[in-house]
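Next up: the structures, one after another.
Presented sequentially are two complexes of subunit A, the first with subunit B as partner and the second with subunit C.
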Partner chain A sequence: MKPIACHTDLPVLLPPGPALTVARGESGFGDPRRIFTPAVAIGLFAAFVISVLVNEAAAAPAAPGILAALWKWAPLIFQGFLFNLLVSVLSMAIGTVAGTALGLAQISLLPSVRGASWLTTQFFRNAPWLVLLFYCMLLLPFEIKIAGLTIPLPAWFKSVIGLSLPVMANVSEVVRGGVRSIPLAQWESAETLAFTRRQTLWMIILPQCLKRMMPPWMNLYAILTMATPLISIVGVQDSMTLTRAALSAEGRSELLVPMYLMLLGWFFLYCYPIARCTVALERRFTVKN
Partner chain B sequence: MAWTPDQPIIRIADVHKSFGPIEVLKGVTFDVRKGEVICVIGPSGSGKSTLLRCVNALVPIERGSILVEGQEVNDPKLDKLALRRKVGMVFQQYNLFPHKTALQNVMMAPIHVLKQDRNEVEARAIALLRKVRLAEKAAAYPGELSGGQQQRVAIARSLAMNPDVMLFDEVTAALDPETVKEVLVAIRELAAEGMTCMIVTHEMGFARELAHHIYFTDRGVIVEHGPPTDFFACPRDPRTKEFLSQIL
Partner chain C sequence: MLKSLLGVGLAALAATALATGASAQTLDKIKQRGTIVVGIKNDYKPWGFLDPAGKIVGMEIDLAEDVAKRLNVKLDMVPVVASNRMEFLQQGRIDLIIATLGDTAPRRQVIGMVEPNYYAGGTNVLAPKSANLKQWTQLKDRKVCAIQGAYYNRRVTQLYGADLVAFTGIPEALNALQQGNCIAFVFDNTLIDSTLAGGDAKWASYEMPLVTEDEQAWAIAVPLPELNGAYGEFMKKVSIDWHKAGLIVSLEKKWGIKPSPYVQDMHQKHKAM
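This part shows the complex of A and B:
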């Protein structure tokens, strides 16, 4: 097997061309909208095609073609990809529910509740996702017993919880920021109409924030989805694990780049529309105000 | 001692209020009788709006007493919600709920706060919008209404709670001159029906026409007060004279 370093003629290993420089220089690592420009999309696709062609040419004549190998493994890896999406949806759901509660606690009238929730938010917001994942895998038991009932806690579910922690902290900030963006006069006028604080929050303030909170929330979801392959590092079998397994089963280094590119492509196709949608929503919102 | 309608509906006695080192109210005292319309005028920063906010406990006071229908506002055990059902307030910036239509704005509080029947509230809300001449705008959102229209919806919204007293805090100050009149007309009709009104305003003509009593505040105290005819015709205090000469 030839080492990968020999393939210096691979486009992806060459210095980035004009198509890729669009995304360079913008430091928005956390912002998928910046990374996913149409030029990058074209570049990505071109890289995929070229890598297939180049590797096809370099492959031994006797071995089956690269496309054939991709085709063979695609269904299995795609199942893994769907699992990544499941993890992303579950983490987002748990993180959103917990984060909303935490965000509302951050605007509590009780200083102790406010302080504790602020600290929790800041802690999980500023912790590396991978470290949180490791912590959840290590600290959570493999099963929990509640009133004689034993609920198993499989590794994949622990990883969902691990990912939902940073989501929770980010949603908490989105909620707090959303509520604070509503003028105090709205609270006051609700107060003079004898609404309770709880009524004011749920019927008057939060419905107004919802629109404002959508773009950052969707942005967070896109980032989370792209971060789900982290779970492969802590031993959960996802698309990343399956890609690696397929590669080692094939044992052909020329498959390395096309196969990872295929996976990248799927993530791109899933996240890019979300990013576009976020931009559209944001634009609509700015025009309205 | 229970309150009876022959007693003043609002009794303000020696009210003091500071924001940090700035003393905004330095001992304000006066009464408002049921059905009376009083106007509070004075230069900006003289504590007029703060006084109004103290009456419905939006702002806590430090010293003195405010009785609304015999209920002490400056009482830590005060049931603020009960107080605010009796006292309606309209703001300079209207503060309608932008995600609700005009009709929904009017209906919300009676349904959710007073727990009244939705159909009955709706009929009353439509009648109130008709009263402020906005029946055709019931389905419009605040963003689609002019300032004057929004302010009239705000008045209707406040009236839907059937308050005993209405507080108006410079309600025309943010409006275009041509829409000021429509709001003043709405308030005039309300006063004619016998609603007790406390109005903070810069509209001197309006105050002169409508008020039973005028209070002039400056730097946290009531400098001078009296019926509008006396007040505008022969002000006694030099500060009042100066203020009126600048305004009129």
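This part shows the complex of A and C:
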């Protein structure tokens, strides 16, 4: 094997090899990844959609224009869906930044910092998301006055904050776990080479953690996206609220299932590729010890 | 320990409420920013509902527009639900509620109900003819569909011992009724009338079998401290004007709501004055 040219005298990681050995040993025949292949998943979903539609058609043969009604409301509800995605992206961004800081605080050498950040993480990680949302909606004012300047805090922004709290706690655990997963020998060798703690963390440990943290982070994002309709409960006008309003305006109970199914389909189409991608990354990064 | 914690929590809540409360004169605030913020419903056809373009329309929206026109300001509508509208008004997030709000004594402790009431509806049930309902007392211990947060829920439970199954939206409740999950759907009588008169085949075997009761006035609401101030007085005049001019009578017609006897009476009474 040709030695790899390094332009630094620091003991950095070698570039990742082309193919890492995939761990197949532990995942036996019952591994859901094998049974639940993309084709099977999409097939199941399609079967579900068709069965529901057939069921609906059978139940209400005299109700034409279900598709027409869906088509009529789709643009409006889709706007709401895009708003859900915006909320998910913003919550994820805020949660990731705050969570990374919190996660690093969890591995601090100062016991007080470590303890406080551990407590914060555990608190937000084990609180129901909806309860956190309610707290944010009720406790944050609707506008802040700073030196005569009035900054409005609209409900949707409060809900972004509310959702970013559990994300923060989960990211914090991902970061802490990621750092802890790096063999201790890496820290020790860095120390023998006279790296400071900060240098070790930023130049040696974190770059290695990054790819390990990717799959759980993406997983968290998919879960967050699917949880965003929670904000409809606290009065934010998202796709769920709009669907409900559309149903009220139509006043046809036979639309109930197809309308919600349409929304479900959009979320599925958005989240499923993320899930596939996560699985692929996990496979790529799993190595035999 | 728990009690003291709770006390601290409540105090903190109260402090937040005070800090953000509507201490300023609402009328001045509205004129200053050139916009009135009205809490309305967007899921209660035909009082307030969405059209496919995303615009909110309905009878109460027409009323809100009328208020804005009289004040010569722009109208900003905030969709509310039964569980948050009073809090929004107290916090100052909205200036006015026109959202199918029943005028009840407990609510009068919290927000300012403008008199005269702009509307009144009674309570009745929509039920399949096969259920053979004749009297309210027949609802005892039977499953009855309802809408969460409706003022008549409590009465029907306490007086007649109905076992309420409350839904967030009307379509969900109607769906449950059709699937036989409940024996009847307790609702505004005017809306049941409109539903039955709509001529939809699926309601052909349904009826409104009981005597309409509990005539309940609906009110537009302002923050409680301002009920007798300039703002409250202004809204009272608006409400009288609506009855006098017969605006609500014509709006009922426009939105296909069966004429409410209360509105007719008020129109006759104020027209004569």
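The rule is simple: the second predicted complex is superposed on the first by the 217 of 289 C-alpha atoms of A that agree within 3 Å, B and C clash if a C-alpha of one lies under 4 Å from a C-alpha of the other, contacts with A are read in each partner's own complex, and residues count from 1 in each chain.
FYI, a contact is a pair of C-beta atoms (placed from the backbone, for glycine too) under 8 Å apart; a residue touches a chain by one contact, two chains touch by 3 or more.
From a predicted model like this one, the values you see are computed outputs, not experimental measurements.
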| item | value |
| --- | --- |
| Fit-or-clash call for subunit B and subunit C when the two complexes are aligned on subunit A | fit |
| Partner chain in contact with A:122 - subunit B first, subunit C second, else both or neither | neither |
| First (subunit B), second (subunit C), both or neither touched by A:246 | second |
| Touched partner set for A:142, first subunit B, second subunit C, both or neither | second |
| Touched partner set for A:255, first subunit B, second subunit C, both or neither | second |
| Lowest inter-chain C-alpha distance for subunit C and subunit B in the superposed arrangement, angstrom | 42 |
| Parts of subunit A lying in touch with subunit B, wherever the complex brings them together | 185-186, 188-196, 199, 203-204, 207-208 |
| Interfacial residue positions of subunit B with respect to subunit A in the complex | 56, 58, 80-82, 84-85, 87-89, 91, 93, 95-99, 108-109, 112-113, 154, 157-158, 161 |
| Subunit A residues within the subunit C interface of the complex | 62, 72-73, 75-76, 79, 138-139, 141-143, 235, 237, 241-242, 244-253, 255-256 |
| Touching residues (chain side subunit C, partner subunit A) in the complex | 12-13, 16, 19-20, 42-45, 49-54, 79-81, 84, 87, 91-93, 168-172, 174-175, 178, 195, 201-202 |
